[in-house]
Each structure stands twice: as structure tokens, then as C-alpha cells.
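Take this structure, written in C-alpha cells, and hold onto it; I'll ask about it next.
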């Protein structure tokens, strides 16, 4: 029983990271219908920012986190403006290839600049564990869970209760109608990218803190899994994306706990395919009507 | 229906292809090797400098560069002439097809007399075909799969050599150490199953360990690139092993150690030479790198003059201690040069002969004698780590 | 058909001429092992890209799982030629690979082809990854260690012939009635369905044919390189093939040939640049996509027909026949 709860904690911690990434992925996809392959790499940038600022500028954890979010948000806006905006009316495949190109650029650019060695993320917050009836939970795991919840609530507030959020929602629903209503599309898309990338940056710092290990290729697989989580939760639903993230984290942990760690990724993909077939809108998503 | 069509296509394709290739077609010329026409020893460096296993390729590049730099300080006298080493470095992108293409380019266009690398077995085997065709020998610094130097029919590949242990040998010694020296009879195995290294070692360890009478309570796997091992470690902890055998590379093992110790799993950990790197303690955290043992080629505590000189030179040039990969690559270069020296000629055929007959080569990674299977015969050292530093070294018979 | 025999003859002459050109260059030593490597790699990539172009470019199904089918062919050859070490064994393994790919393509395609755009892409990517992970963990495939010392039956001439054959089959498919059904689905699926085109059947056909050619390419790959590891068939490989197709132009076989050859040559030429090469590559990709999102050739196709009929502009009889 103890092991079960321990694994549950493991799964939720892993899931928080996926949730953060999934949230960012989802709002970007919702508004621009673009599979932002580079999302995972923005997360990687956040982790490296945290590494350099903590090691060389002696930032504290909170400062590093917030500055990482700002820097990554900016990165997201730049990427969108340079690479995605020109392709807004181009075939989807072209936009996807560009996203892949950006992803390659970030991964290989970082590899070139800092070499592909893994680095040690500094242990800026000393690790303390709490023992609750045989189950160990560390303060870092708690920090991750809490930060994820705060950011998620923050995002929900922005989307549901602010003018910007309303603009984002309307552009997601109907692009042309939104622009006819006087909404500045470029502005709104940029803000969405900024928010999504900021979340990715936060996830990067958190994961650096959790595993203490970063490398230029660290964003590839989590990026894809984040998309699976977003699809699982339902594109268009924020709590859905978060729930999707936690579920994927728990699924991975469960598969590993059962001893099939080699098939861990395969399990995630199988879930994806099953969900797409059985419940294409995801758990919380809305059904899309296709007009002829 | 489309299946009939596809079948038809396949059948027609096969038959016409079979018919047409009956006619004699040209083949690119095979070579009997390259010979040096000036005073340079052209050594091709075919390494993974980008892609999945780039960190290990980069480590090996450092070792190669140091060796070349040392040799070129005074040059080396072979057959009456003084030669300098010229390195032709090319990145195989951690890809089999690129490794083969690079090997072909090095051998045919750059006219190398020998190749060092690639680091991973798969890319090393991919280069064999083109090098054999060109008659150029290669030394794989870290290609550990037993079959690397063998052909299908079990004969030895004429042009493939290696500088490292083969997995069956290392796994066996680890089992020996675990059972007889550490006296642990029931262990858990946690292996990297994304390369042949982890799986090969697991196989030989399990075989030998159970033969000695030990018991493997569970075998769990991880992939290279993984960061979260908590769930796997929780499972292992639940099985209460007396020790853990952990074959893999330092990048992941560092994290495994950290997470294991943090969850209270303090049993001794035995690993293999892929762990050997100053980064291990960095990643794991000094406190967590305790009660850790690993089989390796030499000990940093060794008093052998070659080792001491090498460690000093490496630290001076790169500001850090060498990883196993760098030392093996360093030795590979010297092995090639020594082979040429022994045969008195700088040509790929001479180097091939010299490598095959290498005896008592005093390398940093051990005293090497090449056996009939082109595998180096050398002894294993087990280093023990306490608090992030090597505290003791055992020799395993 | 009789009308087209002139153009088909032109293509046949071109192919045979190409064959003898390469043969001669090899005999005279102009093409050494390195260039041969490059040419064979380009050939195998062409087979892969043409197949993928059929799926993505002509039938509009965004598949990111091509490498999975390649893996099936490669491992079929790798495993079977271990025991059947002969040319006959090799060709049998190609057939087995094709059959395996067809079965898996049906299994994957039937449930997923009703998904749209990006969802289908991720689903196929997931399917290919599942195939790779399964291969990585099976005993018969030697798991992560992969297979090596695979006997080499795919010499350059065999690869050349397969390139010609698979291209002929694919192009004929596209220009046939079946192909037009497939293209109509790309243009407007709902309209096609309204016109009575069995969209599921044709989407599946294109997908399966693409998978079959990928398996053939995989078998050739295994037999030429003589070493295969599961990691060679991951997402990156699928993306590489996708890049060949998109760069050349979705819907242009000519473009595929040109782009694949160009990239293959560039890759070999810039081999010594290391990681920086990938950075340039990425930037070039982004720039090309921004300025020419349809790819270098768009939907333009080189055809002898157009070339030769243009020349006969003055001939009234021909013009009369052409303008139907």
C-alpha cells in the first residue's frame, strides 16, 4: 500500500510538469492550429536560463523562475513573429515543417553553444523530505505541485476574466469573425504564444530543480507527451489539459511500476490512439462541427 | 483491389531485378589500403559529435586530440622517417548511414591509414563494410558488443579492432566481484536497454551470477535520456535486494544514484566502465556517490607512470579528469601509431598487421595484448567511490 | 495507352541511360565508394519520399509514421537473411516485408484514417514509435543492439532498379482512375464523398501503397548498410523523409527527386561541418518554407508529354487530338 502511494506521488510530480507543458501547448494550438514542435525546446531554454542565472548571477529560485518565464515568453513571441506569422495562410504542412525547423534550430544551436553534455542544475533549494506514514515526499515535489496549480489558476483567470482572454477565446473559435469584430489578431496571437511559452519556461526551471539534470535534447520527448496530454484532456479546455498532464504522468509511473518500463512511451502513444478513436474531443473537449 | 496490385508489383519487381542483376555490373573498386606518401600518419576520426550519443563522441574526441598533440610534439620515428599525426575529424551524427558514408569518405577521399571510432557499437559495425572494402583498419574505442569483431560465420573481421572490454568479459567480472568480494547473493539489476551495452552486460552478468549461485530478484530497464527513475527505484526498493547491478552510462546513472539515495535505497551499487567520468559525482551529488563500485580499465589511484602522466596531461589541457571514453580513445590512437612503428611502415596494411599482433602495449587503459578475435586482453580494475571520490581500487582476477 | 507509348519509351530510355552512365562512371573510377554510398542513400531516400508524397501530397493524409514501415521491411530482411543467405532469400524477405507493412498499414490505417490533419499526424507518429519500441524489446530482433553483418544483396544496381520500379508503380497509380480518386479526396473530401468516391477505401489504398514502398526501401537499407538499429527508425527519420517531400513540393514527384538528390548531395558534402551543419539546415528549412510554402516545385511535374507536344504546336492533327 505504501508503494502505491509512493508511486502516486511520483506520478503526480511527473504529471505536474506535463500539465504545465500541456497547458502551453494547448493554448497555442487552440489559437493558431499549429503543432508547435518547438514548445519542448522553449522549455529547454527555460531550464538553461535557470541554470545560468542561478550559477553565475546567483539568482534565487523565485527570481530565476519569474525571469525564465519572461525570457521564454519573449522567445515565444519572437519565434511566432519570425517563423509562424508569415505562414499563417499557408498549408498546414508548411507551418509544421517550419515548426520542426525552429525546433532543430534551437536544439542544435544550443548543442553547438553549450555542447550536448548534460549539466547539473544547481540545487538552489535544499531538498528536505517529509515522511508521512512510510511515504516520502520531498519539498521540491510540493513546490512543483503548488507552482503548477498557481500558474494554472492564473491562466484560467486570464482566459476567463480578462479582455485579453476573451480576445484569445474568440480568435480560437472563429478567426475571421474575430478580426471583423476589431480584434487585433497579431496582438492576440503574440500574447498567446507569450503565455504558453512562459508556462514552458516555468516548467523548465521546475524540472531542472526536480531532476537536477539538463541537456539540449531534453525537450523533444516531453514536448510530444505534452501534446498527447493536451489531446487527452481535450483541446480547448484548460482544466482538461492539466488533467491530461496528470493522467499521463500517472500512466507512465504506473507502467514503470508494473515493470514494463521499456514500454512506457508506447503506453502513452497507445492511450493517444485509443482516445483519438473513442473520444476525439478528449475528456473535456467540445465536439467540432465541420461546415461544408 | 489494391493488395493484388501490390503483390503484383512486388513480384514483378523481384523478378525483373533478379534478372537484371544477373548481368555483370560495375562495382566500385576495392583497395588494398592506403599508404602514406608524405610524413603524416593520416588518422580518420569517425565520431558521434552530434545526435543522441554526442556526449560520448565528444569525450572520445578529446582523448584523440590529446594523443595527437602529444605525439606531434616530437613526432614519431617509423622506418627511419619522422612522422606526425594528422587527424581527419568527421561527425557521423549518431546515424548508421552517416557512419558508413564518413568511413567511405575518410578511406577513399582523405586516404587515411586507420580510423578511430565510432563510439557506439552500431555505428562502428556500420563503418566496417566500407573500411574492409578499402582495406583500412579501424579501432573502436568503446564498441563493446562481442560480435563486433566477428563476421557472420564466426571468423574474425580482418579490419576491425577494439580497445575496450567485450560485454561478456566485463559482465562476468562484475558478477564475480559482486558475489565473491562484496558477498551479495541476491541483487536487482537496473539496466540501460536503449543500447547493446546495457543489455549485453545484463546478459553476461545474469548468466555468471546465477551460475555462481546468486539470485536476481528483478531486472528493470531504463532508456538513455530518461530523467525520472523514481517509480522504477520504488519497485526495486520493494524487492529488498542486497545490492544493485547498474550497467549504463554516467549521464543516467548519476541521476539514478541521486534518486536512489534520496529515497533511502542505500545498498551497494555495482556498475561498469560507462560510469567512469568525473561528471558522475557531479550529477549524483558527492554524498550520493557512496558505496558505489564499477568495473573499469585503470584506476585513477594507479601509480603506473603512463596513467599518472596521462591524468596530468589531460587535466592540464581540459581542466577536468578524463572519462573512460576519452582514455580509450587516447589509447586507440597510440595503438595505431605503435602498430605502424612495430611494422616499420605507415600504411593501412602494415597497421592492420601491427594491430593484429599487438603484444604488451602499455596503454593508459591497461596492458593490452590483442587476441585472435581482435579483442584486447587486459585486466579489470574495480574502483570504489565514497563521497564522490575514488577511495579504493580492487583488481579482479 | 497506345498514344502514350512514345512518352513511356522516353522514360525507359532515360532510365536505361542513367543506369549505364552510373555503370561507366564506376568502371572509370570517377565514382568511388564514398560517392556510391551517397547515390545509394539518395536512391533509398527517393523510394521513401515518393511513397510519402503519395500519402501526404497526393492523398492529403498527413502521415508522420513512415519510418515505422521502413523498420518493418528492414527487420524482415535483417532477420530472414540470417538464415536464408542468398539472393532468393533476400527477395523473399523483401516480399515478406511488404506483406508485413501492408498488414500493419491496414491495422493502423483503418481506425485512424478518419482522423483529420494534425491528429492523424500524431497518431501515425505514435504508431511508428510503438513499432520501434516493440522492435527494441523483442528477442528476435536483438533488441537495442540491432542486427549487423546482414549480407549485402542490395548493391547499387538493385537499388537503382527498385527506384525505377517503385516510381513507375506510384506514378502510374497517380495517373490512373484510382489516382484521380485519391487526388479528389485531397482537394475536397466531402465533395468527393458526395460524388460517390469511397473515401475510406482510397485513403487506405494510398496509405498502404506508401507503406509497401517504405518497406521495400527498408529492406534495401538493411541489405546495403548491413547494420540496423531500432534508433535509426525513430521520429527523426520520419521527419527527415517528410522534409524531402515538402521541400520538393507536395504533389510533385519531380520535386521529390530533385529535393532528395539535392539534400543528399549537400549532406555528404557538408559532412565535415558537424553540429553547425544542422543549424544551417534548420535555418534554410525555415527560410524556404516562409518564401515558398508549396515547396520548390509546388505541384509542377516534369513530363515528356508536355515537352514533346509543345514542340508539335504547329501540327494541327496533334493539337486536335490533345484538346479533348
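Per-chain residue numbering starts at 1, and chain names A, B and C are given in the order in which the chains are listed.
Going forward, a residue touches a chain if its C-beta (ideal position, glycine included) is under 8 Å from a C-beta of that chain, and two chains touch if they have at least 3 such contacts.
Just so you know, these numbers come straight off a predicted model, no measurement behind them.
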Chain grouping by contact, computed as though chain B were missing: one piece
Higher-contact pair (C-beta pairs counted), B-C versus A-B: B-C
Approximate Å spacing (C-alpha centroids) for the pair chain A, chain C: 34
Whole-Å gap between the CA centroids of chain A and chain B: 36
Where chain B touches two or more other chains, by residue: 50, 52, 54, 193
Interface hub residues of chain A, defined as touching at least two other chains: 108, 111, 262
Touching two or more other chains - residues of chain C: 136-137, 275, 278
Contact footprint of chain B on chain A as seen in their complex: 3, 6-7, 10-11, 13-14, 108, 111, 115-118, 120, 123, 127, 129, 136, 138, 207, 211-213, 215, 217-218, 221, 252-254, 256-257, 259, 261-262
Residues of chain C that touch chain B when the two form their complex: 23-24, 26-27, 29, 31-34, 36-38, 41, 82, 85, 87-88, 91, 94-95, 98, 102, 136-137, 142-146, 148-149, 151-152, 155-158, 161-162, 165-166, 169, 173, 204-205, 208-209, 212, 216, 221, 225-229, 231-232, 267-268, 271-275, 277-278
Sites on chain A touched by chain C in the complex: 29, 33, 35, 83, 86-87, 90-98, 100-102, 104-105, 108-109, 111-112, 220, 224, 227-228, 231, 262-263, 265-266, 268-270, 272-273, 276-277, 280, 290, 292
Parts of chain B lying in touch with chain C, wherever the complex brings them together: 2-3, 5-6, 9-14, 16-18, 20-21, 25-29, 49-50, 52, 54, 89-91, 93-98, 100-102, 104-105, 107-109, 121-123, 125-126, 128-130, 133-134, 145, 147-148, 150-152, 193-196, 198-200
Residues of chain C touching chain A in the complex: 56, 62, 111-112, 115, 117-119, 121-123, 125-127, 129-130, 133-134, 136-137, 190, 235, 239, 242-243, 246, 250, 275-276, 278-279, 281-283, 285-286, 289-290, 293-295
